[in-house]
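Have a look at this one.
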Amino acid sequence: MSEELVGRICAELTKIVLVDPHTHINPHAPASTTLADIMGYHYYTELAHSSGMPKALIEEPGLDPKTKVGRLVESLHHLDNTVQVSWLVELCRKFFGFQDNRITPANWESLYDKAATVMAQPDWEDQCLKQSGIERVFLTNEFDDPLTGFDTARYIPCLRTDDLVFHFTNPAVRERLTKATGIETTNPERIRQAIGKLFEHFVRHGAKACAISLPPSFAPRQPSRGDLSETNFLTSFLDPDSTTKDVGQNFVFWTIAEFCAEYRLPFDLMIGVNRRVYPSGVYQGQDLFDQRVSLIQYRELFNAFPQVTFPVSVLAQASNQELVSYSWIFPNVVTNAHWWYSNIPAYIELDTRARLQAVPRNKQVGYYSDMYKLEFAWPKFSMYRQCLSRVLAQDFVIARKWSENEAILLGKQLLRGNVESIFNV
Amino acid sequence: MSEELVGRICAELTKIVLVDPHTHINPHAPASTTLADIMGYHYYTELAHSSGMPKALIEEPGLDPKTKVGRLVESLHHLDNTVQVSWLVELCRKFFGFQDNRITPANWESLYDKAATVMAQPDWEDQCLKQSGIERVFLTNEFDDPLTGFDTARYIPCLRTDDLVFHFTNPAVRERLTKATGIETTNPERIRQAIGKLFEHFVRHGAKACAISLPPSFAPRQPSRGDLSETNFLTSFLDPDSTTKDVGQNFVFWTIAEFCAEYRLPFDLMIGVNRRVYPSGVYQGQDLFDQRVSLIQYRELFNAFPQVTFPVSVLAQASNQELVSYSWIFPNVVTNAHWWYSNIPAYIELDTRARLQAVPRNKQVGYYSDMYKLEFAWPKFSMYRQCLSRVLAQDFVIARKWSENEAILLGKQLLRGNVESIFNV
Amino acid sequence: MSEELVGRICAELTKIVLVDPHTHINPHAPASTTLADIMGYHYYTELAHSSGMPKALIEEPGLDPKTKVGRLVESLHHLDNTVQVSWLVELCRKFFGFQDNRITPANWESLYDKAATVMAQPDWEDQCLKQSGIERVFLTNEFDDPLTGFDTARYIPCLRTDDLVFHFTNPAVRERLTKATGIETTNPERIRQAIGKLFEHFVRHGAKACAISLPPSFAPRQPSRGDLSETNFLTSFLDPDSTTKDVGQNFVFWTIAEFCAEYRLPFDLMIGVNRRVYPSGVYQGQDLFDQRVSLIQYRELFNAFPQVTFPVSVLAQASNQELVSYSWIFPNVVTNAHWWYSNIPAYIELDTRARLQAVPRNKQVGYYSDMYKLEFAWPKFSMYRQCLSRVLAQDFVIARKWSENEAILLGKQLLRGNVESIFNV
């Protein structure tokens, strides 16, 4: 395949300005201030740890940012093959004038200082977004986030509901809910009212999606009236060791889906993560997955809520064919980007090929960055654009004789058009 | 890889005349009469529905063919990326003189009229087969099909057994069986006799295979004598809500396998479909799958019937490696084409590569069209020939330095030679 | 992608001398003496059988080597597409001056005779290793192997523990253990002592790894004190039909892991094989797998033994993404080559791509030959080098603009450097 063709398509796709439909940006501190913010991203700490660096060195309390970066740099020669480190090098070259291809013990300090200077500019946030071709960014907000003090036109709220569904038995979660809504959650109906208040609050502040990450074992179903009887409430909703706590989880989950219907919010399902599989791992570097999961587990949900759009992300690459097929059949199921352990070119290319060959083009969200700091949008979207361009070149321009322009329009729809139409932004 | 090389191999593979070893052709109306027959294929109705068109618009009772096509065309701009729509455009270009690359609200009417004229020719069926390079076509016949009134040399009967195995508890199915065989199925032995009569009838009319589609949960085993006792018969064979109805299913399935042995018929296993996952979907657009299935579930069967050839199709792409490996080890397991949700180039190429690298070349059925109307053989086999040619070029001519002719001979064996030897046609 | 670039990288990777970290070589007869030793490899007998040759012909008692080869050659025209037969042809061309591209009934006899002459040279073993670029070879030793009578510097012992874990209820296994250690295994503590003696013996003779192959259902856990009570011992350790025999298996397995920690031996886990799925198959051609397996089953083990390195091989290609992800997170999990049904270029390339993009480069063992006779190292490593070179060229030199030399160094680390560092050779 002609690398020139891929390059031309990619250049055109790089021209469009993006809305990033899923990130973990803190809108009160969206950009980094030092390289430690950037290299503190779990990808670098967990890979450094995996390659041999003790957790204690990485997470030593009181460690100053520069020392931390210096330590992490010691691991990079074990990691330079990874695409995650290529993101790091690319963003340093893009934003900080870095000229080398590798960050080493010999060159990191000047990079650190240069980066600090660049990021100290008062308009760094704006500059970074502009250089990255990003104009709006979805957030991941805790359910009790007041959603004030930032520009919700740029940073679009998104109601994250993991705690409500999976940690409702934790008294601290219930207290947060009561504090946020003024409602004591002493029975299912009151829980429903409290959740309704959250939706009202989020939508009033411009929220465009509700989201949740789900373990491979989860199979949502609507609880019966009997399940929700008064006698069951204690065990199903309040007891973390109960064998029927799935009733409470299902009730909260189902109620959230009902409010998504009422408020016309897409419900992002991020399917397949097992939390704390490696509890001695570094912060955010402890979760893994079990590939034995199926979208058939969501059959009842997809049928019950035809009016709710479900942008689905899957963690296991083995799930992609199911995602393709369920999106091809269910009008309300939409493919949503390339998540976490599937977010490497080897899998993005395979998954993109299959999606483009079999899912309606108006039902595919190409990519989100999942970033914690703005600087990562550029290299992550660049990686995706490369993969997408390769598929467009091979499968459409070469194999199916599409014009380059037709292929580019398809790419733009995945990158921008569908984000607008699916999330109503 | 040289596109010219791929093209040369593909051109040679296009010259051979094919036997299509699995279709849903109605031998009494094998070809289409209007574009509505063609666009009524579930791929177009389900994708149109998935992309946003209400089912009611697509399946409105009494809808005339031309209006139906006009409505479906409204969805095509959402679907032109799909390989299924590329089949549609290719067949219109091949058969109906269509010159454009897309079917649109602006050009569909003249295409509709032109197609109707072409298909109104009295010898359209013959023309279509000839232009498509197809000379014989396997059918999928209900077990009570009289198999009369058509040319069984061209349209080869195949005994489809889903109803017998999975709907035996349905009185209507048992009545059909009694009507077809004259045998009241009041105990296992009589059921066996009735099934034997079906085989006798089918083989007398030239049947060359028995076939069944199977849910991911199915794991056939031979029922014990105790399972089949008189007291169990009622619940195991007649009660659709019984918890032991798997006994009846296994008995019928196992009996069919025994008759496959007796009559030397290959038994096509199409493994992995869940029916009616989306019951509000359009006709034939409701089924999906669960990738959590394994060929280990068929271990007892494969061992019990060494004399029966099992051409196996898998729905989940994740099952392809098992299919490769089981075909590599079991003499009676054969790879059978690329089925339904795995029938897109992204998966065909991966699966073909693995099969060609590890399964004996005499044990691979390259492709079947699975078509409902003859016009689809051309674009579907074309897609497969493209994928196959690409793999032959890359993995054999380039990587292993085979001559082009050796690669072409391998391709021809998959496309034609093995269909003859495996199905004894 | 430029085939020249791939060729240049591959040529450089071919220059390094290798340590093969997993084989089944018999150090008392490491090389072949006739082509029957080579074509008796289960890949050829099982594929010949699968393609239609009766087992009785292949395994006829008293069959002389030349007749056996002659028979197997009759099947090769069904198998010449397989990568396994390409190994055979390549080694015959490399070592025996074979000039053709296919072994046929017309040319095999002269090849047989020529091969016998070559292999009759007294220094054939040395020659073969030298020509293959191999200097040291890991063995797979039964736990009661005396480890004497061969050069343990060249042939590195490795303690294989399948029998201990999965066949401890077999009295013959316990007798072998007692004979090897002098310890009667009448309770868990004595079993522990006996296993400790084995480790002491193996390490004293230069063992560099412990290894085991595991069925898909295995999920190791540390047995509780109650599990190991005297009353349970009989059923858990001695009764092959016991429902609690997993307690015994877990105890032995866990004890082995503890000694790996004590003796600082890596513990090779080869995950996913079902034994004797096709019991009528040829010798060593009876095992298959179930893709429904997850590394989450090893969560407790990986957490319990942070000081033990686990080089993990997976049989199902579907498991590769989990392997990539677990190696990316757990410091003690390492990717180990491409095993058995995953050891074909279609899967090696996919798996290598993902590993190189996401696993620290110091945590990847590129390849082992798994060979039974020395002649196979050359073609198997050649196949891997081709695949690896292709990935290095596409993903690193072309896509990420690495220099060829940087890519070659990465390849060398996978092929040799990591074998040294991970297995401490």
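When the chains are written out, they are named A, B and C in that same order, and each has its own residue count from 1.
Operating definition for what follows: a residue touches a chain if its C-beta (ideal position, glycine included) is under 8 Å from a C-beta of that chain, and two chains touch if they have at least 3 such contacts.
The structure presented is a predicted model; accordingly, all values stated were derived computationally and were not measured.
Novice: With chains as vertices and touches as edges, which is it: line, ring, star, complete or other?
Specialist: Basically all the chains touch each other, so complete.
Novice: Subunit C and subunit A are one sequence twice: same or different residues at the contact, by the over-half rule?
Specialist: Here the answer is different, because the shared fraction of interface numbers falls below one half.
Novice: Please report how many Å separate the Cα centroid of subunit A from that of subunit C, as a whole number.
Specialist: The separation of the two C-alpha centroids amounts to 39 Å.
Novice: Could you pull out the residues of subunit A that touch at least 2 other chains?
Specialist: In subunit A, 292, 318, 350 touch at least two other chains.
Novice: Looking at the complex, which residues from subunit A come into contact with subunit C?
Specialist: Residue list for subunit A touching subunit C: 3, 46-47, 49-52, 78-84, 86, 101, 274, 277-281, 285-292, 316-318, 341-342, 344-347, 350, 386.
Novice: Which of the residues in subunit A end up touching subunit B in this complex?
Specialist: 292-296, 299, 302-303, 306, 318-319, 321-322, 324-331, 350, 353-354, 356-363, 395-396, 398-402, 410
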